[in-house]
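Take a look at these structures.
Common to both upcoming complexes is chain A, partnered first by chain B, then by chain C.
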Partner chain A sequence: MINESLFIIVVAQAVTAAVPLVLAGVGELTAQRAGILNVGIEGLLLTGCIGGFVAATISGNGMIGVGVAMLAAMALASLFAWATVMMRADQMVTGMAINLLAVGGSGTAWMLAQAHGYAHMPVEAGFTRGIVPWISPETQQWLSSWPIIGPIIFDQYGLTIVVGLFTLAVWWLLRRTRAGIIIQAIGENPDSCAMVGIHVRQWRCGLIMVAGACAGLAGAYLSLMRTHGFSPLMSGGMGFIILALVIFARWQVGGLIAVCLGFGLVDATQSLLQGSGMNQVVPYQLFQALPFIVAFSALLIFRRGQHGPATLGQVWPSTIK
Partner chain B sequence: MRVWLLMMGLLFNVMALHAGEALKIGLICSGSVTDGGWNQLAKEAMEKVQRELGAKVSILQKVSQDTCGDELRAYAADGYAVVIAHGYEFLTAAAEVAAKETTMKIAVSGADVAKPGIMTIDFDVSQASYQLGIIAGRLSKSGKLGFVGGSPIPSVKACYRGFLAGARSIKANISVVEAYTSWDEPVKSKQQTEAFFAQGIDIVYHDVDAASRGVFEAVKERNTKNPTSPVYVFGCVADQNANPICPNHILASAVIRLDATFRAVIESVRANTFTPGVVRENLPRGTCVAVLNPLLRGTILTDTIIREVEAAGVALANGTIMIPNE
Partner chain C sequence: MLSLSAISKRFGSVSAVVDVSLTCAAGQVHGLLGENGAGKSTLMNILFGLVTPDAGSIALAGKSVRVFSPHQAQRLGIAMVHQHFALVPILSVVDNIILALDDKLGFADRAKWSQRLRQRAASLHWDINPQAVVGTLAIGQQQRVEILKALLGLDQASNMGAVAKILILDEPTAVLTEQEVDELLPAIRRLASDGVAVLYISHKLDEVARVCDVVTVLRRGRVVHHGTANTPPAQLAALMIGAAIEKPQRTASPAPDSAMSPVIIKNLCLCATNGRVELDDINLNIRAGEIVAIAGVEGNGQSALVEVLLGQRVPTSGSVHGVGSPTQLGYIPDDRHRDALVLSLSLRDNLVLKQYRSLPFSWHGWLSLRQWTVAAKRLISAYDVRALNVFVPVVTLSGGNQQKAVIARELSSQPSIIIAVNPTRGLDIAAATSVLKRLIAARDAGAAVLLIHHDLDEIMSITDRLLVMHEGQLTDTNWPASNRAQISQLMLGHVAGAAT
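Here is the complex of A and B:
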């Protein structure tokens, strides 16, 4: 039923779908390694979507949209950092509050944008497909027509290569540098870190901000690249999926890339199966649930050694002297 | 001083009289009125009616099924004359409130089940969808059509059935693949439409509400990449022919004229002729119609196709053509 060219299309779609998951996931993973569980990642994504959209629409410049998306999500992340790190609020509750705030805030911003005539983004402000920037459409067409790697690699959005390089840099940082060791140590035993002079709060705040920027950029990917527009709740629960994928990847960058691609592959396959008329036989809800069923099953099957950072989600310091 | 007081008192009385005359109308929406689809259409229709009839309008957004009853009771306590609960999901709550509330009139739009004390308004877009199916049947080169919906609720399935019947009236062996994604996630509807095109489908009809942007983006991207064999799309619910994403590749839209429906409901309340029961809005009533893209008239939408669509419209209206139920 699925021939070779369709398989390539599915893989290409999986890569497209995996980009925002990997990007926001790497930020979340790094923060979680330092003991911060930011459940508000869904809200940060949504903030990136609307921030990027509004800025790109008003300015007519997609790059400004990208910058504002990151800044807007960082602003919201700073609120989370202030509440959880500085004020010692519960991370789970604060994260949920961030999500609710983002839903209301993005809806209001969208309403205002519409009221002021900014409902549609100018064509030039949106990013088109093409992994290599500033090349002519003809060259892009030629690159995309290459067998196998054309659709899978070259026919992606420019952010794909940025995400690839960034992920590699984070992997290197966590595995090979002193900063990586500090991040891990903060997640495992922040008291000891503080005793040897590491500024735990500053590190955690910094990592929350970086994770916010990643989520904001992932949001901009959805609004400025994938759909060239905004609609309320357009992130569609992606943040919650990312939380599950980070756990499934056992807080490893390599694992995260693999599970994000796997999730994207199953998601693309269900679209293809629905498009082939299979839902005349199998209920469509089953197709939609397929990526989640696979992710959940994998979580159960590969649950060994799945303990996260020792202080993940815990308030620090546990007592105020 | 006395004259001034007398005049102010008179003015106050006149204002109070006018305020009393303004009909209080409520609209309850399940989602945001900025969704670019079903709820936004209702808000715009209500605003139009407000301008035309001078009524006082209150709109509630993102009301859930379980809180709808409370909102209706609050409207009744506040002296509202009529409330339109905009969505099939509000049917049960509306019927429960109507059983105890006799003064305020309640209409549920998007529902086709009769309940005591309330008016349900069924928007039958299947006939307009049949007309779109005719166009698709004539223009599809691959003989494969796609339909993407938000979820398979009765009104969406009616669109699919009408579209299928219309396309098959032209080519008996044409296929229409149906898929369901989400109402508000353009990323998913785009991915589904891309999957359609990957399998040779060349015309897509959607009923995905706010997620329609994703469908249009997929069409635009596909036609930019491969302009020699273009793919086409149909709009739904609102007139999407002038959408800024792919205005040259949207053939037509199946449009619900909500403003006409809402005006009729409100005027019936005002004239005291509001009657509970099912109101069927459809092609013959002029409230669910196919609107062809004026940009494509005379080019890809040839005179022959237009005549065929119009003839089908007449046959659907007089009952010569019937849409199969299942």
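Here is the complex of A and C:
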């Protein structure tokens, strides 16, 4: 029953599911390495969803949607940066406030969009599968027909390759550059960084903004690529899953890709099982819960071991002089 | 090379540094002596740009400079190794160097910096592994990394035209073992002969005599003495404190009550989970009204014994009687941050932490905060804890004052049993002496005192009985019938050298 093509289909679906996780996750991971725990990532994703949807619907241009999604999420992230880094507010509380703000804001925007007749996205504004928009359909078809890597890499949304290259760049940055050393040092010992003339606050604010842009883009992926529309709360807890995956990946970029793909695989398997007729016997909600159950169990099993960055989630400087 | 003139700094109503002038020449090790709170660290923080002075000026090679940040100090050719290292433990040695000294954000040239690091280490006859992760290194090794980082910073500054080469070492031996100290001091001399001006902050007289050329003594923020390093230690000590110190005089305990042994330990054994024997058949009675001291090289089972006495670990066999209710026990732990203080709470709250549930500090669950304040004020004046007021978080106090606060809380409730582990660690001479006197006073009041201490001189100055712990075994030295050499032999495990 299980044959090679079925396997490839599942893997390709896993990649499709993993792309937003990796993208928003790598932003969150980098910020966490510098000591910033942004639990508002769920809200940033949702902001990306609605921002991208509304802008693409009104303008009829998907790329404008993507740009607005990133800007909207960065605007919300700048609020988080201002409160936590400049005003020394508690990161956890501020992050939760960001989430609530995004729920209310996106709901309001969605109702306004419906009231003004922008509830449905024009077909040309949504993205279709294909590595880049301007490539000819023949070339695309030829690439996608390659065995194995065709469906897994080329028959995806264009963002997939961008995310892959971006992640690779972040991995290199953290391992091989002084900027990467600084990011890790800021998360471990910001006081001594300040002593050698590193501007801790600027770095942290910058990383929060980059993480915001990543989350916004991941949100646009959900509303402009995987689906062509918006529904309230459509990020559906993905931000919280990402927070868990970052811990699960032990704050390593390579680990993050692995756990995101693993999560995507379970997700793809569950939709396959749902379609296989087993939903006659087992309620479909149970299938939908499967990836979360697996992720949760994995967290419990592998919870021990390496700790996160030493000052993760802490206010800096700890005392005002 | 460096001259400070008429530097003054006040914090609130406290004068930390008053009208201090000193000069430091290239190739010289300049000792800066003083008690805790004498202003040594403030003065160096001013020089390093961490604190802005209220008055006075700094000149490097005759040119007046203003230092407003550590980063700028480094570019002027001033480097500092702090008591608490500024290294990032998860990063490798070379990454820590790159973090502090490189100025580009891009590709980190680890090969180049490792090479420079090895060269600089070799000039001091040190061996260093640039790839090692700092957190896995011993404290002495980490300090070497700090010193090398400072030296490379100085090299870099002088390549860019800085005229000065000044290295400030803030109590560099405070965290080192004796052997590490013996390795560090020659390296400091070697640095001086390379033309670096070294400022050596300490309150340890013997080290200053060993390594410094000249000394300046500070007391209460003022320079009280300046001279060569061969000033007799007794005179320096008197200058630091302002009066000759009255050493605690060992007095025989009045009459240890043989019938009353608050602590009885019988055939106590403890094995670690990996099977290693930590405590081996310990028998010990501590009677009311006597001090029993346990000497020994650290890590021979002393901490295991304390943990069993406190009930933190269950003995494998044998029994412990006596240490029951915490109100009857005064415990001065080795690690005050972990085991004695709640750092974020106020000094007042820490002082009443053990008694807050009883009268008069609370009444049927209602806290009488005014009583807390009254009691705390009484304690800080009785035990000479120096703080702005009793409401400041205890984390803002200096280490010596934190220790005095712990001692105030633990001894003021007149416990019948006292367990003190390294009670004078981090204290200056005057404060250490007063702690030892407090222990004698507690004994005279009828307490059973167990003293586990690293300083043999201090032990011998107050104890009634002296036992030595080695590899989990306890041996009586028949003190005071034994001498220092015999005790040292026992500490190293030579049973043959035991007193007869």
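Just so we're on the same page, the second predicted complex is superposed on the first by the 305 of 321 C-alpha atoms of A that agree within 3 Å, B and C clash if a C-alpha of one lies under 4 Å from a C-alpha of the other, contacts with A are read in each partner's own complex, and residues count from 1 in each chain.
Here is the rule we go by: a contact is a pair of C-beta atoms (placed from the backbone, for glycine too) under 8 Å apart; a residue touches a chain by one contact, two chains touch by 3 or more.
Only a predicted model underlies this, so the values are computations on that prediction, with no experimental measurement involved.
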Request  = For A:His228, select first, second, both or neither according to whether it touches chain B, chain C, the two together, or no partner.
outcome  = first
Request  = Using the touch criterion from the header, give the chain among chain B and chain C with more contacted residues in chain A.
outcome  = B
Ask   = For A:Arg129, is the partner it touches chain B (first), chain C (second), both, or none of the two (neither)?
value = first
First, second, both or neither for A:Leu300, with chain B first and chain C second = neither
Key: Partner chain in contact with A:Leu6 - chain B first, chain C second, else both or neither   = first
Request  = Give one of first, second, both or neither to describe whether A:Gly180 is in contact with chain B, with chain C, with both, or with none.
outcome  = second
Query = Once the shared chain is lined up, is A:Val281 touching chain B (first), chain C (second), both, or neither of them?
reply = neither
Request  = Please name which positions on chain A make contact with chain C in the complex.
outcome  = 176-182, 184-185, 188-189, 191-193, 195-198, 310, 319
Request  = Please give the residue numbers of chain B that touch chain A in the complex, ascending.
outcome  = 31-36, 146, 152, 175, 177-182, 184-188, 190-192, 194-196, 198-199, 201, 210-211, 213-214, 217, 221, 224-225, 244-245
Parts of chain A lying in touch with chain B, wherever the complex brings them together = 6, 9, 13, 16-17, 107, 110-111, 114, 119-120, 128-129, 141, 144, 222, 226-229, 231-234, 236, 267-268, 271-272, 274-277, 279, 284, 288
Key: Interfacial residue positions of chain C with respect to chain A in the complex   = 69-71, 74, 86-91, 95, 98-102, 104-108, 396
